[in-house]
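Contents: one structure, followed by commentary.
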Amino acid sequence: MLKDKNCLEDIVFDSEYKDSDIAIVGIAFDGTCSYKPGARFAPQAIRNDLYGLEAYSPYLDKDLSDYNICDLGDIELSFGNTILSLKTIKQEIKSILDDNKKTFVIGGEHLISCPIIENYADKYEDLVVIQFDAHTDLREDYLGEKLSHATVMRLVHNKLGDGRIFQFGIRSGTREEFAFANKHTHFCKFDLETLNEAIKEIGNRPVYVTMDLDVLDPSIFCGTGTPEAGGITFKELMDGIILLNGLNIVGADIVELSPHYDQSGVSTAVACKVMRELLLAMA
Amino acid sequence: MLKDKNCLEDIVFDSEYKDSDIAIVGIAFDGTCSYKPGARFAPQAIRNDLYGLEAYSPYLDKDLSDYNICDLGDIELSFGNTILSLKTIKQEIKSILDDNKKTFVIGGEHLISCPIIENYADKYEDLVVIQFDAHTDLREDYLGEKLSHATVMRLVHNKLGDGRIFQFGIRSGTREEFAFANKHTHFCKFDLETLNEAIKEIGNRPVYVTMDLDVLDPSIFCGTGTPEAGGITFKELMDGIILLNGLNIVGADIVELSPHYDQSGVSTAVACKVMRELLLAMA
Amino acid sequence: MLKDKNCLEDIVFDSEYKDSDIAIVGIAFDGTCSYKPGARFAPQAIRNDLYGLEAYSPYLDKDLSDYNICDLGDIELSFGNTILSLKTIKQEIKSILDDNKKTFVIGGEHLISCPIIENYADKYEDLVVIQFDAHTDLREDYLGEKLSHATVMRLVHNKLGDGRIFQFGIRSGTREEFAFANKHTHFCKFDLETLNEAIKEIGNRPVYVTMDLDVLDPSIFCGTGTPEAGGITFKELMDGIILLNGLNIVGADIVELSPHYDQSGVSTAVACKVMRELLLAMA
Amino acid sequence: MLKDKNCLEDIVFDSEYKDSDIAIVGIAFDGTCSYKPGARFAPQAIRNDLYGLEAYSPYLDKDLSDYNICDLGDIELSFGNTILSLKTIKQEIKSILDDNKKTFVIGGEHLISCPIIENYADKYEDLVVIQFDAHTDLREDYLGEKLSHATVMRLVHNKLGDGRIFQFGIRSGTREEFAFANKHTHFCKFDLETLNEAIKEIGNRPVYVTMDLDVLDPSIFCGTGTPEAGGITFKELMDGIILLNGLNIVGADIVELSPHYDQSGVSTAVACKVMRELLLAMA
Amino acid sequence: MLKDKNCLEDIVFDSEYKDSDIAIVGIAFDGTCSYKPGARFAPQAIRNDLYGLEAYSPYLDKDLSDYNICDLGDIELSFGNTILSLKTIKQEIKSILDDNKKTFVIGGEHLISCPIIENYADKYEDLVVIQFDAHTDLREDYLGEKLSHATVMRLVHNKLGDGRIFQFGIRSGTREEFAFANKHTHFCKFDLETLNEAIKEIGNRPVYVTMDLDVLDPSIFCGTGTPEAGGITFKELMDGIILLNGLNIVGADIVELSPHYDQSGVSTAVACKVMRELLLAMA
Amino acid sequence: MLKDKNCLEDIVFDSEYKDSDIAIVGIAFDGTCSYKPGARFAPQAIRNDLYGLEAYSPYLDKDLSDYNICDLGDIELSFGNTILSLKTIKQEIKSILDDNKKTFVIGGEHLISCPIIENYADKYEDLVVIQFDAHTDLREDYLGEKLSHATVMRLVHNKLGDGRIFQFGIRSGTREEFAFANKHTHFCKFDLETLNEAIKEIGNRPVYVTMDLDVLDPSIFCGTGTPEAGGITFKELMDGIILLNGLNIVGADIVELSPHYDQSGVSTAVACKVMRELLLAMA
């Protein structure tokens, strides 16, 4: 028999939209990337590779086949027009939230998290954001632009205010950004050391997880635009996600995979596994 | 609006099977490859890249959007079991021919052409085969095996007999294979020089075109298991396909793209364009 | 003795600006690239490689050391803001033209030619444009955007009108674009066949040469975002530039080198050589 | 003087077969690989690289030049015929065991360990198998095939029965495979934590070590068909081999290096070092 | 405005030589490399990448913009003439030391440290050398040559005598080299465990730091000629440099980056960060 | 049965030295390479790949299995010592010539041809040299060095004098080198146009062929240190070798393959085929 052109061996996100609790959306946008672009290729690369991944997680002892998840494909965007792109993203995500579904977004560069989180902040007034990242992303502007992958968390801070953002794994930024973080966010430099106490503090509040995959050390994740040595290991991230498992996660994204920069394919495989674990933690 | 996960920008093969004249089938088999494997990745790579290709051909001044073509996806095969795989291929292709459709197969290694052509030979008793290839593929056995990418045209000759195979672009083989070809096939060494007279000789007879893409020079097509310098240029191949345009082509395949061996992506782009032109010549 | 950090072995563009006839400018912009980005890396890659190139051309029997050329470095641009970037480019190039110098621009994607040519059209009312390219670039909009690498020559046509654009080497586009080209431009499909008669027709009029390097066959130039098989060879391009040598070339650019996609480094080496020859033809 | 074409700088396996205690054999088989093939290239890649490796191990404080080891080259196999290949492997290894030598096999994919271990089980009735691996390899069949890299340890279990297989580093498999492992093998998830107690339990019994190199984290070993993040570090593996040093190791293999997928060459260098240490632990 | 062709976004070494405390010098020499050459490309690769790195170090809480550092470019050398090259290096470095500046050298292969350290030993009679390295580099000769990357620390030992060299991270060498190290140098196998007590022992004496980047594990630094698994992590190196911060460092080098062997670019990014931290520790 | 570790499938150079007419020698030297090194890897890469090549040439209709050829392996050289290396090469080649055998050398960089040709000039007083090359290689010195890949033919000219060197395919050099060539050598710019008349002029004189593989266009041979666009095609080279077939070739070399720079492997495959054809032309 002919197999389906897009059949996934083990992992299948083939629930009907109406029956789904989580909707996967790809956003192939990397327009403000200032150094090495290519995050636009991540959604396709991840979908191509997911078929080889087992649905079962030995970390969480959960299996994706037990949950209702659908994949809506990518949001169509205009190349070269950042403002219009962000507007389109905001509308598309809003319509899914209005249907009372959680979104899991595959980026794209980190700026895309801004319109998504704005939607979530509108829906959940006590929302907190957990950010895994190598960079503070707290610049006021970057090379003159206010809308940038390097300003995204500053924009989110503008929306949410002090004390609502928890930053982990940060190891790169200007002196000013580090000073800002120390004042305005829950800030954990270099690793996930304070994650456990953050989780206690968060309690039952709705959580959005934004996972800039460059939080991982480039030894395991070199396929990203600005790899920063000194990151966390995959095992540390898995331990972190096991902790997240008890939270009330209402949305999540994984961003900044730039698959062409890792010809071994390991970075894409890592992104797929992080996606599986985050989905299971949300489900 | 969300765009479809598999939408093709310009080229779309989204006709219903029942309305289609041509059915595209992928066969991701490279089990007898003796040197560098990877032709198994070709169907996915080609489908990923087709979306960037214009439907319009300036060579043939035809447009794919004017024809009814469907894509049936890949045939599911057992890894490591050559005999069973060939049997499955034969059955699947037969069922499509029984529905009076033409098949266009994306390989995979060249051995897959054997069960396909056997079906065609059963259906069309005056079938002729036009082979574009760097290699004669006329060995009796290869490293002891009778079923091999290096024996495929010998197997086809066993089925069809003398004078039914037209070979073009051949530049590699043993002394014995060249001697066999000179005796038993229409044999054009190095290039397509005699293609025009072959076409006159063939006339209205049904034609199956088997396109081993390594007929192209490795300068334009290095993504293949056994690249052979001294091949034809892309322009020479286009000129050849323009000649084929007048024939009664009942089936075709493109084989031996091994996309991972060309990191620039050019080989896959070339395969897509050859596919567009061959489809237009068949349509 | 310590050598200069940026010393160029054979090729040096170290004239003072005020003494220079030609000013080299880099424009590292690839913001509307819809497929594989990376043309932003071209100016740096070309400058790194130029030092290994001989200043002497055996094609034109001229030597770069005989001319006054300076390199002004790159124009600083905002990432993610296309409109502002084009405006900045326009201003910078204008100020050089106002100083009565010719510009030689290293792109970047093809869209950057639009503000440059607009400046030239303002300065020379009988300007003609010679475009070497694989693509017509004549779309009205591309995925909804009017400012795009795929619309650049349509924008130039809006400025110049019919019969002022000479297109060579074109082999990819929609049916509509080919129809438009046949009507509104001097259009040479596939190769440079009509270049000689174009040159006669142009006579002494001021000429701007826009060289989309993907006019070259991907066999010799795979380092570009959308490689199109069936292009011209390097020798054909050299023969073309020898013909250009007699024209009144007032400005030129080379665009769409995306150096990361060619790991052998050949594409960058080719771009350097084309740059040497075009500069010598202009000088 | 001319140096020998195959001379190894530091490491030389040039004992006569009759004087050797250990015989090295290459098995370039990857016929059932379902995803990324290429383990067939491992024996040649490892032999090419060994010459640069010092014979002295600072981990074990032993030197390969103190032992009698010969290299018999590769076993000749038929491409595309799994059953015949396994039969040939079984015969070749048997004849070496009959000569009372230990074998050290360089794979090839993991399935090759099955016929080898069957020989060892026939010779040593109290044989135990220590498996280092990212995957359980305990499927009953894989995509319909009973002979597969994904079923190899199930086949070995069929031969040896419960409690004779010690699995370490496992982090990927279906829910059913993990359940089977928990019941029927000594099973150490994720790492080598229980290796020390396993070694005490094994005592003087003859041990066969099958080292699927994907047990290592992809950060240090990306050159394999199905890299699985979350693996052990090289130092953890060295610590493990230091523990193995006291065991009665009668045979060993290293499998699943696929050198082409790691262009830095690190994976092959790692495989060479693991080979040196395992040989020294056996010797 | 046009930006400077060599402008560095965040990191700029643009002090005047006369005002500088530290002079950066590139030495693109890899002439005795016996295996994989390419360290010659390191100075250019590092300079290209530095512009993307923040001047601020969260490890040391220092900022490069607070110090006076100049970049003198590369020393011009003769290809293929080792003796002459070493002589030139010695002269150039001497003239900088005579101006009472510290040097920070970007290699090149490790042999270049020999003439540099000889200068320092002439200037500071109680000089100690701290070497981070995967290899002992203590051979008397290598393949017959006394001047080699594999003999460099033996040559330094010839100059300095016993007890003046502190070696860290060593994990590869012949049995004889390890024996020599145990007798004649402060020798810390595999890691940085004894760095803290070494620092106490060194006290206020002038220190030269020679950083062979292959001390890092290949997982984070594969872009080097002879990668050796089992190295230290980036975090361990940062912890080491934090310890160095209190020493009287009078000169330093980073050697053996071979950027082409790491296509992801991570190795160059790592070298840049190590350079920033070492410079800050020196400043 | 175990196959030999170094068995060559189709091409075997296993004659005894005493019975051989041609001795193959590898010279893995690239010490004066000024730009991208790596020609040292060519002998191993070529030997690894030869096994996949058919012994039969359809170009010359000859078969390598009909001739007595042995492979002596590589000459052992000192890294970093150019003068000593050239002396060793000279002695080794001399001893083979003294045994009245022809040599076929696999380089290595082009400088190695100098000591080889000096031997031949001593033996054959009417020797002529046919050089295929992209570069004149006629500099008096290069960056101050008289012994360099860029001076090799000037050194040969010093030995042989005017009119004894025939240069083909040259397309790169300084103005001075081109002037020198026009005066002192038989000089064919860009292609092989005058090869036929050269062959007539040479007649029965003994010929040494030095094949710098960069004479080929980089489209088919990018694996070389200084690729120069505008080269000859593989077919043009084959046509040239067919012409050489009638000459009295007493020795030959192929140089400047740098296999790591072509990850597709095509350049090495091309070098193997050129080697087969040149050997057949000599035999």
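For reference, chains read A, B, C, D, E and F in written order, and residue numbers begin at 1 within each chain.
By our rule, a residue touches a chain if its C-beta (ideal position, glycine included) is under 8 Å from a C-beta of that chain, and two chains touch if they have at least 3 such contacts.
These numbers come from a predicted model, not from an experiment.
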Other chains in touch with both subunit D and subunit F: B, E
Chain located farthest away, centre of subunit D as origin (C-alpha): C
Same-site or different-site touching of subunit B by its copy subunit C, using the half cut: different
Far-end chain from subunit B, centres as C-alpha averages: E
Between subunit A and its twin subunit E, rotation from the CA superposition, multiple of 5 degrees: 120
Distance between the centres, which are taken as Cα means, of subunit F and subunit B, whole angstrom: 38
Approximate Å spacing (C-alpha centroids) for the pair subunit A, subunit F: 55
Whole-Å gap separating subunit B and subunit D, where each centre is the average of the chain's CA atoms: 39
Multi-partner residues of subunit B (at least 2 other chains): 36, 76, 217, 219-220, 263
Pairs of chains in contact (touch as defined earlier), listed by label: A-B, A-C, A-D, A-E, B-C, B-D, B-F, C-E, C-F, D-E, D-F, E-F
Subunit B - residues contacting subunit A, complex: 1-7, 25-26, 44, 47-48, 71-76, 92, 263
Subunit F contact footprint on subunit B (complex, rising order): 35-36, 170-175, 178, 189-190, 217-220, 222-223, 226-230, 261-263
Interface residues, subunit E side, partner subunit F - complex: 30-34, 36-38, 40, 76, 78-82, 142-145, 147-148, 260
Contact footprint of subunit A on subunit E as seen in their complex: 10, 52, 54-56, 58, 63, 217, 219-220, 234-235, 238, 263-266, 269-270, 273
